[in-house]
Every structure is written in structure tokens, then in C-alpha cells.
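Take a look at the structures below.
Shared chain: subunit A. Partners: subunit B in the first complex, subunit C in the second.
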Partner chain A sequence: MRRTGPGPHILAYALAALVMVYASYLLPRMLPGDFVSAMYSSSHVTLSAAQEQELRSYYTGRDGFVWYLKDLVTFEWGYSYAFLSPISRLILQALPWTLLLMGSAHILSMVAGFFAGVEAAWRRGSTTEKSGVGLMTVLQGIPEIGTGVILLMVFAFYLGWFPAAGGETAYAEFSGLERATDILKHLALPFTTLFLAYLPGNFLLTRAGMAMILKKQYLETARAKGLPPMRVRYAHAARNALLPMVTRFGLRIAFMVTGALIIETIYSYPGLGTLLFNAISQRDLPLVQGIVLFSSLAILLINLALESAYGFLDPRVRYAS
Partner chain B sequence: MSRVSVRGVVKKMYIMLLMPAILVVLFSPCPAAQLEEIRIADSRGDWGYPNPFQHYPRGPGYVRMSWVFDTLIWKDKNGYIPALAEAWSYDSDRMSFFFELNPGARWHDGRPLTAEDVAFTIEYFQKHPYGWVSLDDISHSEVKGPHEIEIFLSRAYSPFISDVGGTMPILPRHIWQSVDDPRSYNEPEAYIGSGPYRFMDFNKAQGTYLYEAFEDYYQGKPMANRLIYVRSGQPMISLTSRQVDLSNIQPDMAEPLRKQGLVVIRDERGWNKKLMINHKKEPFTDVRFRQALAQAIGQQEIIDRSHRGFGTPASYGLLTIDHEMYNPDTPSYSFDTNKARELIRSLGFQEDNNSFFHKDGQPLKVELLSSTITVGGQNVPDRDGEVIRKQLENAGIHVELVSLEQATTDSKVRNWDFDLAISGHGGISGDPRILNEMISSEYGAGSVNSARFDVIPELNTLLKEQMMEMDQDRRKELVYRIQEVYALELPAISLYYPDSYSAYNPDKGIEWFYTRGGISKGIPIPQNKMSLIR
Partner chain C sequence: MHLNAAKRLARDPWFIAGAGISGLIILFLASSPLLVVHDPHDMDFIPFSPPSAEHWLGVNDGGMDIFSELMAGMKNTLHFGLLTGLVCLIIGACAGLFSAWFRGIPDLIIMRLSDVFLAVPAVMVLILVAAFFRPSPFYLALVLAALSWPTIAKVIRAQTLVVKAGMHIHSSRQMGASGLYVIRRHLMPELYPLYLIGFVSKARMAMFMEVSLSFLGLLDPGRKSLGMMINYALRYYYLDIWWSWLLPPVICLTLLIMGVTFLALSLEKIFDPRLKEIM
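Now for the complex of A and B:
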């Protein structure tokens, strides 16, 4: 079989990136209203027609996709109307919080769900497996918002163990270790909410995949060769159940910006979701465009990385392409 | 005869002298200890940078700016008090206001604040308008001395004290005189004011603000060294866990929080939920139809069903019932579906078998844009739209309820692309200028809450006159009449005043309060800087 080079592949991604750049330019502009009307319409300030016109012309940037593309290539992502800060700086301020919350929840729920799913499938028919499946099915049915509110009420309101809002104690004069502890305490509840939301899907997916794989002949062969059970379970069986998990991880990461919006809102967690939500409600066009563009390009890159990971995880994929 | 030793006499004298001193110390009022910090929670967090050109044009944005920039006069619990101006007077013959400034006032960079700064501020705001105040009726100002200034009016302007005196932040001339584009000026000097706190930081991602006490503040060093605003989606929990010291709360949480030792305060009724009406479109052009709407909508029922009873039916005359110029004889409309139906019938509509109205083969159908906006620009889920839809349907009007995101709703209302829309605003307990802004397109063209209703000549004249009437009693008569005409014409319908509460931690020794008439132009937020001034 003739193997194709990376050229056409990269070309397809470049084309997709161009489409996304255009979408990030066009879609935010289709929102009804503009920054001036969103900011002043329902405010304490009543503008005269002349003042309104003057503000509108002040907050209208250069129009046209060509200019947009040029600014993009020269890394001139512009300034936020509301924050008076460079877009890139705002994204970089919010990104670490999103990565910390979403990244940790995704990775740990994937790892935990994978191992729990493998072990449950291996013990098929046992009480452990049945109760595990039952528990995960129930958890799967509880929406994030429900878990979030329950955790908030129990652990922040009644027990007072964890803070109710924010990513850290604002302007506290902590040392390095104290600050890290403070950040982890603030992370605990939103992380647990997302972990509990993502875990069941990972568990059920792995268990279902493993159930199919465990019937395969080659596992019988592996057992007959006298390989240790752990090696049969993980090196021979579980590895083949990993691909759907990686696909799921990629799909979930794609929703990294918007996926945590509810949780970020409940816990006032400072992430990209909150930043985007506020930017849209204020019609802060440069900021909306910047976040949409950043997140869509990030998705493309992650997809590209995952495709490489497929080949690494499963040689069949590598040779099939 | 006993021997009296020198040492014993000295000891007695020592005790006699020391005891009064000890007693004086024990029973004299204890000076309040300097607090390390005060934390205030807010569900949104981000309200712009705290200077006049960059704070968001809503109450919380102004309040964040007011810690840094002082005005000529201010309000405490009881009304206007001196701030940068120690005294002021109005000379009707010269049509001018005379202000004597506090000679101890300093800018945060240590320079003295003088009358030149006030004169400069007026000129600068005339060149670069600050939307919160109108300087259209100021002709010029004259500096009479280092701390004396006379401001001349080109024509009488009754909201002057509220606007220019109590709302206009004074800018340092030595900084702003070289700034041509104040909206993009974001250097550290842009935050040098004369207020009780220096601005230190605004974290945009976290929605937090840090201020530090200004030691040389002319009214004394503020009681807390640091003032911190934090974003909290659950301020009640942050309050009970003592992570913050002050926050607004939901009305039904007042009692549980009191039991937890927090002090709960309630605002006057300075914010109203309002039904905007497209009075340029049939059938809303006819005043009888608008009155039928008022008759069909039960204000108390909305409060009971949508807000668990926490609210007060609003006056149909717009100004709050707590306002000193509120007209108690303002026309009102009882909740009477039959009367509403009668009025609609009088417009030529007929009822079908399902008791819904139609005319010329077309059903009477309206679109209602809902909104959950409430006090302080926050959003709290409610069912106002559903309750009003039910009420109007009971009166025979088909209603299509549409829930849109706030900016989209605002945009549709601004462009007259709507039938009915639920909206709301504050300012109704402040200066009656709010009547002009919320009624006339001449004053309120840029506000989504303004009815922009100019078709009644009497109303137009009354609105103009009240702006120029410097005699308070005569102005009150005009304002009374405006409320009557407005309530009869109903270009918009005020629905109710939601109960507005805040709670604070009394252990810090700070007494927070809602300002009568609201902070500056009528901001219903209990973060008056006087709470932190001794």
C-alpha cells in the first residue's frame, strides 16, 4: 500500500484555518447591536444623538477582511474596547485558569474513567461492576449545574471548607506555597463538579470498548502464553480501548472555552468562558473575535496533535494512512 | 503623731495624679482601630477602570470611580454635605453658583487642589463630555481666589447641584491638560484623584479591584487600609463564610443572614421595572389601548407570583413614591380585566369564541420581549414575562413571549423594532431630571429606557420648564403635573420596585447605608464612601 505524505493533510488544515479565520471575522459582526448601544443603552448615562454618533465612530475599527487578515498576520490583534488592553494579554490572563480547571478535570477524569472502566469490564458480572455501572449512569444523568450547586451549598455554605468564588484570594499577601494552596482550595469545587460530570462518560465508554475487546481471540492467545493478567489487561486489551477515549478527549477539548461557562459562572472562576461571555454581552467586537479565533485555531492544533497520537497509539492507523 | 514619709507623700500624689488620667483613658471614647481591609462582593466584577472616562456608565462603575475622585459636594444619610467645597451658594441675580473649596484638599501625588482645577474640569468636560453631567447651561467660570470659584449659568438649570455639584468628579489640571484623547489615556496618572482611596489595580480576568487608603485625605485617613472588590456569583455564601464584608443579597435571604449575625439593610424604592411600549405602532398609538394594558396588568400579582411578594407596585407617574416630589394624586389603574376589555372593544376590536380580540380578520397579537435585568444592572431570573403574558391573554390579547439576550433586546427597542418590552432603570429617586431623560427624545434619545414620547405639547413644555425652575416649590408643582400627564398618557408603564437588600459584617465596625435619593444621580448601591470616613 502506498503511503501518502503529510502535504495534503497540512493543506487541508490550512484551508480549515482560513475558513475559521473568516468565521471569526464574520460571525461576531452579525450580532445585533454594537459596543455603544450595549454599553450605554440601559445605563445611568443618557447620550444625546451627537454624543452617540461620536462614540460610535470612535469605537468602529478598520473595516474589511483584508485588514483583519493583515493585523492577524502581524500579530496586531487589537485592543479590547471595554478593557483598554491588548487582546492577546487578556487571553493570556484568562487562559491559565481555563487550562488549570478544564485541563485538570479532563485529564484526571479520563485517567480515572479509563482505569475504572478497564477494571469494571475485567470483572464483568461482578457486584463491583454492576454497582459501578449503576453509579456512573446516575452521575451521567445529573447536570453539571446540579452538582455544582449541591457541592457549593454543602462544602462552601454549610461546612465552609472551600471558598465559594474566584480562582484565588484576591490581593492576599501569600508566600509561594501558601498561594499554591489557596489556588488549589479555590479549584477544588469547580474541579470536582467537572470531574464528576466527565468521569461517567469516560468510564462507560472504556467499559463498553473493553467488553468488545475481551471477546477477541488474541486475548485468549495472550492468556494461553501465560502472560501476567495485568499485561493481558492493559498491554493487549486496554490499549485498543484507548482510541475512542482519545477521540472523546479531543472533542471535549474543543469545548474548552464554552464548556466550563456554567461552572465558571457559578463559581465566578476567571476563565476564557467568562471573558467571552462578558465580551459578547458588551459587544466588545475585537475581544470576541480574538477569543473565537484563538479557540478555533487551538482546536485545529489539538486535532492535528490527536491525529498524530492515533498513529502512535495504534499502528494500524499509521499503516492504513 | 504619725510620721509622714516623703516617699509616702510622693506616692499618694502620684496616685492622685495618675488615677484621673487612667479614668480619662478608660472612659473616653475609644478611637476606631484601623482596619486592614474591607472586601466587597459583586456578581459581575468588571465595571471598567475607575476614572471618569473609562468606568462603565452604570452605578457600580461610577461608585468604583468615586473612591478615587471627589466631587464638590456629596451626600450622606441625610442629604448633601460638603466635600471638596466647604460652602456654596446661589446668586439668582448673577445666575451663578459660588463654591469655597477646602484648602486642605490634596491630589494623590501631593499637589494642592485649587479652584483652577475646578475651572479646568468644567472646560475639559465641555470639550470631552462626561455623560453623567450636562454642562450645556454653563457659560463660564471665574476663579476668585486659590480656593474660590464662581460658576455662571447661561440659563437657569435646576439640576445643577445634583449634576455639577454632586456628580461631576474634579480632575487634576496638571495631568489632564496635556491629554487629548481621554478615552485611551490609561497611564498611572489617569487615576490620580483627590478621593479617599488611591487606585492600585484592576484584574480584568478575575474582576477584582484594589484600592489603598490615601493618608493625606482632607477629611481624614479612611478607616480601612485596603478596599478590595471581588467577583462572587454567590455573594451570600461569601458573606456567611466571612470572605467578604458587604454584598447585595436576595430579599428572601434577609432573615437567615440576620440570624447569622450579619446586618441587613434595605434600600428605598429607587429602581423600577418598566414595560416599554412602542407607541409609534398600531394599536399602541392610541392612549386607550395603552390604558387598557395598564388595566390588564396587575402589578401586585407580578410581585407575588414572580418575586414571592418582595416588591412594591410602582407609581404610574415614573418618579418613585419615596421621592420628595412624588405626587400622591398621580392617576392609577386598578387590575381590572373587564375594564381593559371594554377599552379594547371601544377601539373596534371584537372577541372571538375563545374570548380573544380580533379586528378586520386579524387577531390582536403582540410580541413581548422579556428581560431579567434588575437593580444595579444585574440580572436575576424572574417570571415577569410569563405573568404579564398570562394577564394580557386573560384580557383577550394574544402574546408571543420572546426571551433574548439583553443587548439584542436593547437594540430592538432602540430601533423601534418591538411591540412591548420589559426593561428597568434606576435614578427615579434622584433629581427629577430623570423625567426628561425617560420621557423626552430631546433628553433621552440615547437611552433604551426612554419612552421618547414627544407628541403631547403640554408635557414637552412642562419638562422644559422644570429644568429651568430654580425655585424648589414651583419646580415641585411642575413635577407634580408632569407625573399626572405621564400617568394618563402612559408612553411606558412602571410596574414595580423590587425590594433591594444588602448585608454586611458588623464585626468590622463599618456602618454601610443606602443613600437617600441614591449616590450622585440616584445610584441605589450602599457603597457610599462616607461609610469609611470617620
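Now for the complex of A and C:
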């Protein structure tokens, strides 16, 4: 679905954040019976009597939304009994990997999709454009799981070019440059999968946006002024095609995160997705809750930042308000 | 807005491809009573048997027939997607029509509410709900629909406002047509392409979600699902199971998503009033 103009108001983001925080506070308390017994009755984690006592007092002693908020702000996110570690530490350990993977895939796919989209729209009706659109549409139809499994099968197991799992070689002692290549080698397959998943959306969106701008009269004016073609193409036309990409991002990021969760799990990449997967399979509910809340707030923050960037990118919005 | 739409759709190669793939899948699933001879939950076979005449794709680690699992999983994914798409469409269309028809305070409330829903990342709520309550997929589909109606509502509202300003609506009101009559006979039929686009794109999103959630192990493990099959098969990557166990669900899933994607893109291209001028 297409949206015009800037997205939800800042207030909507604040409310959404409140909804997420309140839901994560309320849901565990809606479980039948005591939270602790409900949580660990179906868990593979066994607690000693002392641990159970501690957990019970932790959850009953500090009941109340205000306490919950205070703990949230001070990063007292509770304790993971499956990993025997504070939740905030686990999340902060996994975060850089996810940022590296998602960030690089997103930025590179955006840049590549943008330039390819602009160039394709410029060559409207040509074979290059048609085959580009065809290829990207097909790519759009392939889910991340499919690409991930096939790349894993071909390049990790069959050809053996890239490692199949992990973020870096475990227990290896590398110097700076060696370590960097090692990390890049581990990044290659999950990165390619996500890149291929994010690329078609960026390409098709830019091309559709450009196609609408190409008919605008100010381009005719720019050309009549004798400006060089590249300047008309990028400074006058493509800058406008950048806007829908920013507005659409807010709608897409939740799916991008879902895709990243799956891909991290397939490649056992040590980021938040794998952490979440492990937490789910060990029924470590406080950790699931922590990761979900953290990711939601991060998504909301990114959306909010983009919303402000939108006004910066599009002066019409800035002057209108 | 859609006078020659059916003709133009029938000529669009992406629509033909999408409809063809989806049609084949539905045909394949409809013929499952003939093809599937084993109960997908039957655990009586020898685990890890290779493909044979008896078990077309072999047997999995739990001694269950993989081909039956595959059929059941595809059916579940498809059901989940269609249900979510339908509920989403009903909520979204009602909210959008209501908002555009009455304007004023109801409009303001519904639109602000949909802004909040748009901002909430639906995946995260689903993961939380699924992890804590282990609800049946039916309720998860309802939760997903309840979270993702706003895009449909916004589009329907915008288009309703355009149609509502048309002369035929004015003359109809002049002749004494009631509001309900105008909505039913004039507005709703004119919006049908938007229902199609909304329904298909939401169904696509929901199928993707169902597979992701089941892959992550958040859905009932007793319920067959493509995501769960892929997850289980990946645990035995070192065995010779790639062709018989891992690839079939991956290919089926890809075809399913691809068919719906082509349909969604083609419908958007033909019907979206903003895109129409340029295609």
C-alpha cells in the first residue's frame, strides 16, 4: 500500500511505544496462575528452590507499572535463567552483530536499488529496463528463507567457499586485519541473502517514483537551461524519488527485521535473531520479552528519526507546517 | 476507475503468471485427498527413510511421511494468509468507509488510531503473544489482522473521499437515496479494486509471517507448517536430506509467495490510480 506525505505524527510514535511497553508489562501478568509457575512449568530450565524463591519475590515484590518503567529505563531488564546472564548484557552483546548485518544489507541495497531504479526509469521502454523490472519482480517473490537455504546449500555445503555458521571463527586468535576478513567471510552469505531480499523493494519503488517525476515540467525547464544530463537526472529528478523510499521505510522495517530474524537463525549468526530463537526454544520468557521490547523501541526510534529526516529532505513539508 | 480493468488484467503477463502459479497450487492442494495416502501425524514409519514409491519424499526424523506433511503445511499457510487478509479487509474497509462518510470527530479518532497501529511493529506483538500464550493460529491471525488494517483503511478512506465528491453521488442524494443505499450501491462497488489489492497484499504478508513464526518455533509444534519443516530439516543438514526434505518446502513456499506477489504487483499496477498514468 502506498502512502502520501509524511507518516504518523510524533504523538502516534509515543503512544505506540507506550502500547508496546504496557503490553510487555501486562501480558505476563495475564497468564493463568502465578507468573513464575506458568513461565517455568513448560520450560526446560530447572530451578532450584532458592532460585524459584528469588524469582517469585522479584516478580511479586516490585509489582506495578511505575516500577516496571523504572527498571526499563535503568536497564534492569531481569535475568535470563537459560543463559545465566542479565538480559541487558545479552542484548547488548548481540546487538552489534545485528546492526552490522542489517545495517550493511540495508544501506547497500538502498544505494544499489536507488541508482539502478533511477537508471532504469531513465531508459523507459528499453530492454534493459524491462529485464531489470522482470528480474526484480521475480526476486521480490522469493522469500528470505528460500534464498537463505539455497545459498547455504550451494556456497557453504556444496562448494564450501564460506563458513556455514557463526559470526567469526570461535577461539581463533587473529590480528586486526585477519579478524576483519574472518568477520567479512562469515558475513558474506547472510548479507547476500538480506541484500537480495531488500533490493527489489528499493528498486521498484525508486523506479515507480522516478517514472512519475519524469513527466514533470521542471525537468523540461532544467534541460532547456542546458544543464548536463547527470545533473538533471540526479539533482532535479532523483532527489524527489528518494522521498517515497523514506516514507515507505517505516512500513517496511518491521518486515526487514522479521527477515533478519530468520536469516540469522539459518546461519546461526550471533545477533538478536539467533538470541531470540534460542530464548524461544528454551522457553526463556523474560529474555523473549526483553528482546521484543528492545527491538520494538528501536524500530519506533528509527521511524521517528526518519520522520524528522523527511521534513529535512522535503522542504515542502517543512514550510507547510 | 476499472472499466476495462478485467481485460487489461488478462493481458498483463505478471497477472497471468501469478494467477497461473496460484491456480496450480490450489489445484495441487485440492487434489490432496487423492495424492496423500498417509496421515501427516502418523509416526509409524522408519525415520530417515529415503524417497520411495510408498513415501514420495521419504520419512522425517520423527517417522512421519514428508509429502503428507508438505501438503498439510501448505494448506495451513494458505489458510492463515486468506483468513488474515479477509479479516484485515473487513476491518479496514469498514473503518475507511465510516471515516470518510462521517468525517468530523469519528474520522479524526479512527485516523489517529490507525497512525498508532501503523507505528506498532506487528511482528513484535505477534512474537510476544505467541510466546506467552501459545494461542491457536486462528487467534494469531485475528491479532495480526487487528494490527494491520490501517493501511487498507487509509487507502479506502482516501478513495472514498474522491468518489463521494462525484456528481453521481450528489444526484443520487438529490433523488432521496439514503446514506446506506449510496454506500452500498455506489461507493462499495466502485472501491472493489482496492479491496482486491488490500486483500492480496495482506494475505501475502500474513503467509510470510506464518512461515516466519513457525520457523522460529512459536506456533503449535503439532500443527504442520512449512516454516517448521524447514527448521527441522536444517538440523540434519549433514545427512543426505537436501533434495527430499529441505528443498520441497522451500520450493513450495517460494512458489506460494511468488504467485501472490505477482498478483499483488499486477493489481497495484493496473488499478492504483496514482500509478495508472505512468504504466
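Definition applied: the second predicted complex is superposed on the first by the 253 of 321 C-alpha atoms of A that agree within 3 Å, B and C clash if a C-alpha of one lies under 4 Å from a C-alpha of the other, contacts with A are read in each partner's own complex, and residues count from 1 in each chain.
Quick note on the criterion: a contact is a pair of C-beta atoms (placed from the backbone, for glycine too) under 8 Å apart; a residue touches a chain by one contact, two chains touch by 3 or more.
Keep in mind the model is a prediction, meaning the values are calculated, not measured.
When the two complexes are overlaid on their common chain A, residue A:F83 makes contact with subunit B while staying clear of subunit C.
Residue contacts after overlaying the shared chain place A:A305 against neither subunit B nor subunit C. By the touch criterion defined above, A:F157 lies against subunit B and subunit C together after alignment on the C-alpha atoms of chain A. By the touch criterion stated above, A:L184 is placed in contact with neither subunit B nor subunit C.
Using the contact criterion defined above for the overlaid structures, shared-chain residue A:L285 touches subunit C, although it does not reach subunit B.
In the overlay built on the shared chain, the residue A:P270 is in contact with subunit B alone; subunit C does not reach it. After overlaying the two complexes on the shared chain, residue contacts for A:L26 are found with neither subunit B nor subunit C. In the superposition on chain A, A:G146 contacts subunit C only, with no contact to subunit B. In the three-chain superposition model, subunit A touches both subunit B and subunit C at residues 31, 152-153, 157, 164, 265-266, 280-281.
Interface residues of subunit C, counted against subunit A in their complex, comprise 14, 112, 115-125, 127-129, 131-133, 151-152, 154-155, 197-198, 201, 205, 208-209, 211-212, 215-218, 227, 230-231, 234, 237, 242, 246-247, 250-251, 253-254, 257-259, 261-262, 265, 272, 274-275, 277-278. Subunit A makes touch with subunit B in their complex at residues 31-33, 37-49, 51-52, 58, 82-85, 90, 93-94, 97, 152-153, 156-157, 160, 163-171, 265-268, 270-271, 275, 278, 280-283.
Subunit B makes touch with subunit A in their complex at residues 39, 41, 43-46, 48-49, 54, 56-59, 62, 129, 131-132, 183-184, 186, 201, 203-208, 210, 226, 228, 230-235, 237-238, 240-241, 243, 373, 377, 405-408, 410-414, 423, 425-427, 437, 443-450, 521-523. Within the complex formed with subunit C, the subunit A residues making contact are 1-3, 7-9, 12-13, 15-16, 19-20, 23-24, 27-28, 30-31, 137-138, 140-143, 145-146, 149-150, 152-153, 157, 164, 204, 208, 211-212, 215, 250-251, 253-255, 257-259, 261-262, 265-266, 276-277, 280-281, 285, 288-289, 292-293, 295-296, 299-300, 303.
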